[in-house]
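Order of writing sets the labels: A, B, C, D, E and F. Residues in every chain begin at 1.
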Amino acid sequence: MKYETMLDPRSRERALRTLAWSALPIAALLALGPAHAQDAAAAAEAAKPVVDKGDVAWMLTSTLLVLLMTVPGLALFYGGLVRSKNVLSVLMQVLAVFSLIVLLWVTYGYSLAFNGGNAFIGNLDKLFLKGVNKESLAATFTAGVSLPEYVFIAFQSTFAGITGALIVGAFAERIKFSAVLLFSAIWFTFAYLPIAHMVWYGPDGYLFAKGAIDFAGGTVVHINAGVAGLVGAYFVGKRVGYGREAIKPHNVTFTMIGASLLWVGWFGFNAGSNLEATAGAALAFLNTLLATAAAALAWSLVEKVIKGKPSMLGGASGVVAGLVAITPACGTVGPFGAIAIGAIAGAVCVWGVHGLKRLLRADDALDVFGVHGLGGIIGALLTGVFSSPSLGGFGLGAGNDTIAAQLGVQALGVGITVVWSGVVSVIAFALVKLVVGLRVPEEAEREGLDITTHGETAYEN
Amino acid sequence: MKLIIAIIRPFKLDEVREALTEVGVSGITVTEVKGFGRQKGHTELYRGAEYVVDFLPKLKIECAVPDSLLDAALEAIQNAARTGKVGDGKIIVLPVENTVRIRTGELDDDAL
Amino acid sequence: MKYETMLDPRSRERALRTLAWSALPIAALLALGPAHAQDAAAAAEAAKPVVDKGDVAWMLTSTLLVLLMTVPGLALFYGGLVRSKNVLSVLMQVLAVFSLIVLLWVTYGYSLAFNGGNAFIGNLDKLFLKGVNKESLAATFTAGVSLPEYVFIAFQSTFAGITGALIVGAFAERIKFSAVLLFSAIWFTFAYLPIAHMVWYGPDGYLFAKGAIDFAGGTVVHINAGVAGLVGAYFVGKRVGYGREAIKPHNVTFTMIGASLLWVGWFGFNAGSNLEATAGAALAFLNTLLATAAAALAWSLVEKVIKGKPSMLGGASGVVAGLVAITPACGTVGPFGAIAIGAIAGAVCVWGVHGLKRLLRADDALDVFGVHGLGGIIGALLTGVFSSPSLGGFGLGAGNDTIAAQLGVQALGVGITVVWSGVVSVIAFALVKLVVGLRVPEEAEREGLDITTHGETAYEN
Amino acid sequence: MKYETMLDPRSRERALRTLAWSALPIAALLALGPAHAQDAAAAAEAAKPVVDKGDVAWMLTSTLLVLLMTVPGLALFYGGLVRSKNVLSVLMQVLAVFSLIVLLWVTYGYSLAFNGGNAFIGNLDKLFLKGVNKESLAATFTAGVSLPEYVFIAFQSTFAGITGALIVGAFAERIKFSAVLLFSAIWFTFAYLPIAHMVWYGPDGYLFAKGAIDFAGGTVVHINAGVAGLVGAYFVGKRVGYGREAIKPHNVTFTMIGASLLWVGWFGFNAGSNLEATAGAALAFLNTLLATAAAALAWSLVEKVIKGKPSMLGGASGVVAGLVAITPACGTVGPFGAIAIGAIAGAVCVWGVHGLKRLLRADDALDVFGVHGLGGIIGALLTGVFSSPSLGGFGLGAGNDTIAAQLGVQALGVGITVVWSGVVSVIAFALVKLVVGLRVPEEAEREGLDITTHGETAYEN
Amino acid sequence: MKLIIAIIRPFKLDEVREALTEVGVSGITVTEVKGFGRQKGHTELYRGAEYVVDFLPKLKIECAVPDSLLDAALEAIQNAARTGKVGDGKIIVLPVENTVRIRTGELDDDAL
Amino acid sequence: MKLIIAIIRPFKLDEVREALTEVGVSGITVTEVKGFGRQKGHTELYRGAEYVVDFLPKLKIECAVPDSLLDAALEAIQNAARTGKVGDGKIIVLPVENTVRIRTGELDDDAL
């Protein structure tokens, strides 16, 4: 299923065209959801888009769930993994980056991502949300069914916000706070917005048009952030004492709470991406539940076999790996396809944080690349496999008849995202290094960022 | 007067305290410490990293006693704290010059 | 109100029959909810079940709320109560048991619980969710109103998952991880599935047919789990140092967060069990709010009177006791009936964790029986009392005219659950003991399960 | 937009009258939301109010979100800020006060706030929820659209509950538990209920009738609680060691989790106050997101400029300040008006907890007045400014043509609330002091309330 | 040179430190400890269990002083730490063989 | 026999332990402490309040050594713990009367 977003009447025609292209038997199904839209009276005014309060209820809920994923979810997941002298710095970075991006989103981000333009970027017609009001609508995947545009803006703003926040895990415990903020603003503008436009803006977006499947943002959010994190880890350099001193999580319970809230909130992320409260959302929901359960168990099993002991941190990491991997697939694979994707991602990401990490020789402190980058790539590719009806899926992307063809398109999506995000990140970090510098002094790092950057300590007896 | 410092296993605290009370020691001070010695630690695994934890949780008991109580106290600690396995800990006895009870200003043996 | 679940068109007829039996004036009310279903056009196609997006929105939300109850809710509630050397083991057990059961649920559990069969167990026609797709529907309590079947499967999977997770509190701090997993799989199959079928599968289920009222799972979930926990506590034996050393909760704040999240999530559990977003859900919601508030205050008051000090842990325990007790009753008692049930359960469960516990002489570490078992029994019985319209309730079960009659049926439900779960648990634990053993070595227990079983420690400075 | 609540058919007429007064172009918009209500069939029975399941779904969700704000949200926010020897006492106070008020609410509060009466207080016709059942309805802002009354009762009960819980932050760490409970009951009855009636009960309520805008409770909840807290801080006196010893938060991570959950839950508070899942709710939602982001950054920026370091605690405090300030405004200002309000409140409240606090010379321990009182006043006044269409808003209150006129009304609302709550609080505290005494003995305070009042300690290794 | 070990009530730390600074002590080292003595503890209640907590939180101050400062320091501590109620704590004085300042290698009195 | 007490910077622990092991010390006991001295602390800001934190986190190492090892141990600690900046810490050497290994009852040098 492709992510189609037409936001004003002008693009309605294009929307219908796109829908007509679709190879999926989805129209029939979705027509069933809003049954009341089909009665005689409604048929008479089919041209007028319907807003269903059930959709609004679900999408508002979904939006706040994505906030829950970020703060406190991601903040705690990351915060628990660092040493106690740096926990507040991580919480603050997550909060500030999310807040900053949400403000940039309504200022120019929404317009550049989701309004007109070309195959790679939108235009600035909706700068400062110009023309948006309580009457304006955003289209869903179903012809004739719309959402209040404010809902769509809010929902998408949280996606942008969490993506920026994800990145900070890679260079935690040593970066300057000002560098984080400056980098986030640049990267959001030049990497997040174009990729979001390419993948999600139909029918113009470059990858959208190619029939790439990314239901809820595997490329846009996770691969995108994973690559930026990896580049950041190289640029910022390793933590003092890395590889010599014991650098242990200070509170794995917090990490577990964080992972749990990520799981809970991710239903807004994934099932919310259906934009309507229908069976399609329910499928995405169930898949998100199952893939995660499978991934948590798979990670634990691999740890048990390889290292003899299944760790709680491994279980929590498996949760996140499974969630990342099912993200692009959740709308088009079947429940057992979801279990397969989760299990594979859970198992492979164990290697992501061990073998691959050693290969990469970067101090990606909280494994942003090993989990989000790698898990995202696995998910993007397997989406091309398990969406196939022959494997219990609900259909490949428009124009892609075989698994091989779909895999090709998925790989293209991955490749473009990796290169684009990589290049933008390199330039952004180089720039930030020049302007404000990347790293705190060694003594400050030893004392901890909480005291030296933020003037406080997290815990007191 | 002597100051007895004993490093013991954490779960032996209650037994040691009772044993000391029985021989007439009226007070002790306990600190959580980490010990490094012949007893070997364990390995902890976190994502990409493994750490050998050589330091094990122990308790340090400090107890000032009049000379007359020293031997009984030493025996009491040994009996209560012993499991017979590596890592039972040590007792160190230091000479004390004098002691004061803050509340009353009493000195030496009276201060205990 | 009985919990009726018909999952495909074939069982629709039975559904209508069941509804006709019902003594409750609920049909009239519910008809009011989806007002738009009543217009002329809709009436013409009354045969075709309607799916309302508002219901879908509420049920997806309810489902994620039950996940929230489990992780992080229950995990934290339990995790805070153990010593810091065992906290990760408890979190891991909750996560792994939940994940495992959810996977077993879609594999065979759903079919055995909610598809055909006899009065005690379903059949295997829906093994691996055979035949379920985006078009298939599950019935609600209202004729003509359905949910996408994926919604119902997901919702019920979380019920099964949390029930298994509840049990681990009883033998925390000394059990082998492999034993927990093996036991959970066996018990889920031979205790959870039959009881769920007997109580909720209409009109065939044995207790369902008798008019037993268990709106949201007091017997199926809480008594069931409570008894399994108690048996486990006997089998696994007391913790080293139990009764001699101080075994204190390591973080009561975590326990409080957990109890709070249980409360928040329980609205999905209870009001979600209404399956529709109607006044019936609202009643269940309000009752869940009030019973809990009353129970928290009642527990505190009893503690104040008996021990002189109302503890926070008591308040949190009261919250859980109240929630457990109102679970079967929330759909049929009035608000002041709910307050009475909460207050009674809160007060009596203080005895559950003190007097009763001493009588039972088992080291039920986190009082699974004292709170869930006992609270569940109190709730099941009082449901038979306060559902009576003479006490402000909304009606007794079909076929039960007097409080006494209803009480008899409720007691039967309790009795069957206690015996069935007890017998299955005994056999399961005996088997597990034989196959993998139940308990870690004493030295490992002293050092803590976190290091010895999972290879990590929760906290670091 | 005014907050109009008519709760039974009898008041429907008044409701329509009120709506007619309205200067806002809101009717047209809202009519768009429930599009299906407009088809031919429905039009025929326009007199019969419609209950939409989408509204019910959203309002149940909103209600549990307000519980989430209280426990664990507010409890953790406050709990993290006190010393570890008092954390349980704060958690317990929040839990107990909330529980108590919710029970009082259904007993007599709801009737006094939202049923008949005069301009200042309701009547007792619905004592013990007399006459409320599954069929009874509560009106929304849209003519012909209703909610099950149970929904409205539950939603409003959580507002009352959290308001009482907010106050305890002011006199934390030294007050007697019994004093907290007694005060809460008195203050709820004589301050909360009348103010809620005056502001929200249309068309009779004194401030409602004047066209005061308080969409989600800036005056009723925040100013009201802030003033009570300040009075309490004076009465109870300063903590032992205040100003001499270091009294630091014992767990800023908990405070951050709490602030995050306040943010997440506040969407239920603010967007839920729209009572329907429409574009109006979406606007309130987006405004709540943006104002908070702006406030967090503004607080941090001011701290960075003034003190050289932006603290995490500052970021979290900014979150709360922004949420408080946008509360009255969220339904009527535009997104950039919301950003302005958030930024201003975030910046000014830094002064609230520093300069103002020094001026007031009260030991308002957790800055209830500095954040909720001051932030509430800023929000109430700025609502009168940014609601103006000339500043991107969606309209001033009925009968107020200019910003100046609206500001006057807003100021009147603030003034009345400050004086009313202040007077009631003074009397209540004086009474409580007489009856049970306000403060624990100094030695108990030194040892901590957890042990001395509740008989337990929060943390153990 | 002597090593003064003082067990005091936690909330007296600031006063004691100031008092010591005034008499010329340049540094101290503080440890959180649990004390058992004449002062009786409290009871904690958790669900089915009651625990008598005999150990009370105390602070241990260690301070190496030249012989010349010993008396002044002892007096300073006593005055600052005294409340007059049971549990004020003890002072224990130990003889020191020598001291080193790690940074400079200075020895004995110069090291302080 | 002597008891060496060394106050060091936390992140120097591993180096000091290795250095001691090399010269033949078989065990140490480590305590987290807070130190007050010439090294100045930092300011923490919380809402309305600012606190000057004079106490800095340090580690205290206790190590009983036979007289023969004393000098080597002292040198090892100094070399490993030194950064040259204010706050490196102190070493205090106390005389020991005797030591006991709890597990075996061995005494004095044999106990180490």
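As a working rule, a residue touches a chain if its C-beta (ideal position, glycine included) is under 8 Å from a C-beta of that chain, and two chains touch if they have at least 3 such contacts.
In UniProt terms the chains read B, E, F = Nitrogen regulatory protein P-II.
The structure presented is a predicted model; accordingly, all values stated were derived computationally and were not measured.
Here the chain-to-chain distance from subunit B to subunit F, counted in touching steps, is 1.
The pair with more inter-chain C-beta contacts, choosing from D-F and B-C, is D-F. Note on chain placement: the centre of subunit C and the centre of subunit F lie 54 Å apart, centres being C-alpha means. A separation of 48 Å divides the Cα centre of subunit D from that of subunit E. Averaged C-alpha coordinates put the centre of subunit E at 17 Å from the centre of subunit F. Mean C-alpha position of subunit A lies 33 Å from that of subunit D. Multi-chain contact residues, meaning those touching two or more other chains, occur in subunit E at positions 31-32, 44-46, 94-95.
Within subunit C, residues 36, 39-41, 52-55, 57-58, 61, 248-249, 251, 257, 307, 309, 311, 313, 455-457, 461 each touch two or more of the remaining chains. Screening every pair of chains for touch gives A-B, A-C, A-D, A-F, B-C, B-E, B-F, C-D, C-E, D-E, D-F, E-F.
On subunit E, the positions that touch subunit F within their shared complex are 3, 17, 26-31, 62, 64, 94-103, 105, 111-112. Subunit C contributes residues 246-249, 303, 307, 309, 311, 313-314, 317, 353-354, 357-358, 367, 370 to its touches with subunit E in the complex.
Listed in rising order, the residues of subunit B touching subunit C in the complex are 11, 14, 42-46. Against subunit D, in their complex, subunit C makes its touches with residues 26, 29, 32-36, 39-41, 52-55, 57-58, 61, 65, 83-84, 248-253, 256-257, 259-261, 263-264, 267, 271, 276-283, 285-286, 289-290, 292-294, 296-297, 300, 307-313, 315-316, 319, 335-336, 339, 394. By the touch criterion stated above, subunit E contacts subunit B in their complex at residues 2, 5-8, 31-38, 54-55, 58, 60, 74, 77-78, 81-95.
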